[in-house]
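Below you will find the structure I want to go over with you.
The chains carry the letters A, B and C, assigned in the order they are written, with residues numbered from 1 in each.
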Amino acid sequence: MPQVTGKKRKGILGAATLVFIIAGLYWGLVKAPPDAYQGDSQRIMYLHIPSILTAYLSFFLVFLGSCLYLWKREKRDDSLAHAAAEIGVLFTALTIIEGSIWGRPTWGVWWTWDARLTLTAILLLIFIGYLMLRALVEDESRAASSAAILGIIGFLDIPLIHMSVYWWRTLHQPPSILRPDKVPWENIHPELLTALAINFVAFVLLYFYLLSHRLRLSEMREEIKSRRMN
Amino acid sequence: MKLLRQTLLLLRKDLLLELRRHESLMTMFFFGALLLFVFNFSFELTPARVSELAPGLLWLAFLFTGTLGLTQLFEGERGNHCLDALLMSPIDRGALFLAKTCFNIVLMGLVELVVMPLFWILFSLPSWQPLPALFLIVFLGNVGFCVLGTILAAVTLKARARELLLPLVLFPLMVPVILATIRCMEALLRFGELGDALPWLRLLIGFDVIFLTVGILIFDWVVDV
Amino acid sequence: MRVTVHQLAKAYGYFWALRDLEIQVAGGERVALLGPNGAGKTTLLNLLAGLIYPTRGEIRLDGAPLTRQSNAQRAAIGLLSPGEHLYDNLTARENLEFFTALYDRQRGPIRNDDAIEETLEAVGLGRWAGEYAGALSSGMKCRLSVAKWKLLSPKLLLLDEPYGVLDGGGVDLLESFLKAQSEQGSVVIIASHHVARVLDLCTRAIILEQGKLIFDETRREPWDSFARAFGAFSPGGNR
């Protein structure tokens, strides 16, 4: 994990995040045209899609950190997994709220058990379970190992959960970007795609910005621990 | 093969202990039967509806009794710190995983063998014919549940609020197994054969195989700090 | 057997149970591990037994580091805690059968069953061989533990407070067993509060306090420096 916790790097990251967030908001809310059927309420997609993608990115980082930790037993890999999970919960919860807000004008209800919402809810539960496991195991290194195992199993299970939930329910509109049979940009108006892309970058940058702060917190804790020994 | 020998040794010990104390098995039996009674009072189970609801209800019963079995899984080793004795010994951790998983599969299998016919009797289901095939499907689901459950039971062994934590981390991960078994059971009850539900069976078997392999490889890291 | 402990440290959260230990023990030595409660004796024994892993530093047995994968090395380590590591609902005989099978001690010129019966007789449990281990008194359970490790014959034998539950006969039994093991080249490490008793038996004494090593002397006549450092300890108790 490159040293993203240095002050200067964080500053640059923070600035870049801000720029992209502003650009994304502009593109999404002003520049891109409203959807043919859904009108302006469709605009929440510019937040909803990037946040779910970031949530999955987050889980991937948990998986990566977990594998590295079990292999090398370095504290910083464990910190990565932990931090990624904490911020991942945030983005997943955000995704659900956004999905719910979009659902209300579109379907008339705050919640349905369609594939996407259900999957996101399951992901949230897995994240929460992960964090609770860390909180409830007493010994720190045992907590780290236990969480690492859960992280790996959870990540391996996600494709299976995806398949099973999708086969079970298909009310939600087919994901326009992630349809396997069509080339991504054929489906969408280019302006929409640009707005989406900018917002996606904004979210990823925001994610890493928060992650770097959280990692710094872990580093400080380790320092305290080392000093107490001597 | 060494792994097999060690697994059988541990499994034999667990079954012997269970035979003498039968703590786990008895509680699981009675809990399963009790749930069937609760279902009767909670749901309007007319003959028309009961075939529809049977897979879901049965799985509810098995999930809860299975979780009961899981939380007790390492209880036999708790007295006198016997788990430490096993961990100190030269056995392969994978053997410990296999033995505990098989033990739980056996326990759950016995419970299912009793609860399913009981369900048929209590709710007067029309035909006994689908039962053997249903039992096979439930058994495959059982394997998936026990494999993941054993890993997570070991992982949460030293956690506080363990009885609550284990279901919390286990159930979301069990979604593929639950959906697959219920769909297969529905198909069997409605049509007498799997037909369209065949992909679900493949998913179920795939799940079992994947996590059985993962469990054997990963158990080394599970039982220690 | 040669045991090397190098810069060993163990932390539980922010609490350091052991700090920077350096110890070397050769085969044939019997080491008394002493210190007040909370000094880290049990932590050290658990680390040596491979039950927990160091936060820093390493342990080597015969030059090979003790790691998570050290299954072969585990076959040579034994931890005797009175009343522990026995199945209450298996008989004395079944416990021994199980553990000898576990440690793969079934091969050899003598049929294993005979060895088990002989050992049960030798520790005075002949009459109770068919009793559940849970029904035995704590003194008898300790004898059963001795029987178990006699059969398994570890090269590194660790004992955690063995003296509390044994009667006179049991103590003699234990001590002759330990002497026999060390004569065969095993390392014996005993943690105990029964200072006088354990010092009598051992060839070397190590004192821990708050996780640090404060004393490490091999017995030789006269016991001068040893007696001085030991001034504050009274027999059979802690500070």
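Keep this in mind: a residue touches a chain if its C-beta (ideal position, glycine included) is under 8 Å from a C-beta of that chain, and two chains touch if they have at least 3 such contacts.
Predicted, not measured: the structure shown is a model, and the values here were computed from it.
When you average the Cα atoms of each chain and compare centres, the chain farthest from chain B turns out to be C. Across all inter-chain contacts, the pair with the most C-beta pairs is A-B.
Taking the mean of each chain's C-alpha atoms, the chain closest to the overall C-alpha centroid is B. Averaging C-alpha coordinates per chain places the centre of chain A 32 Å away from that of chain B. Here the spacing of chain A and chain C, counted between their Cα centres, is 50 Å.
Our note on geometry: chain B versus chain C, Cα centroid distance of 39 Å, whole angstroms.
Across the assembly, chain B contributes residues 221, 224-225 that each touch 2 or more other chains.
Under the contact definition stated at the top, the residues of chain C that touch 2 or more other chains are 53.
Touching two or more other chains at once are residues 139, 141 of chain A. Here chain B touches chain A in the complex through residues 148, 151-152, 155-156, 158-162, 165, 168-169, 171-173, 175-176, 179-180, 183, 199-200, 203, 206-207, 210-211, 214, 218, 221-222, 224-225, going by the rule given at the top. The part of chain C that touches chain B in the complex is made up of residues 49-53, 68-69, 71-72, 74-75, 77-79, 81, 83-90, 94, 98-99, 101-104. Considering their complex, residues 9, 11-14, 16, 19, 53, 55 of chain C touch chain A.
Those residues of chain B that touch chain C in the complex are listed here as 6, 9, 13, 16-17, 20-21, 76, 79-82, 84-92, 220-221, 224-225.
Residue ranges on chain A touching chain B, taken from their complex, read 70, 122, 125-126, 128-130, 132-133, 136-139, 141-142, 145-146, 148-150, 152-154, 156-157, 160-161, 163-165, 167-168.
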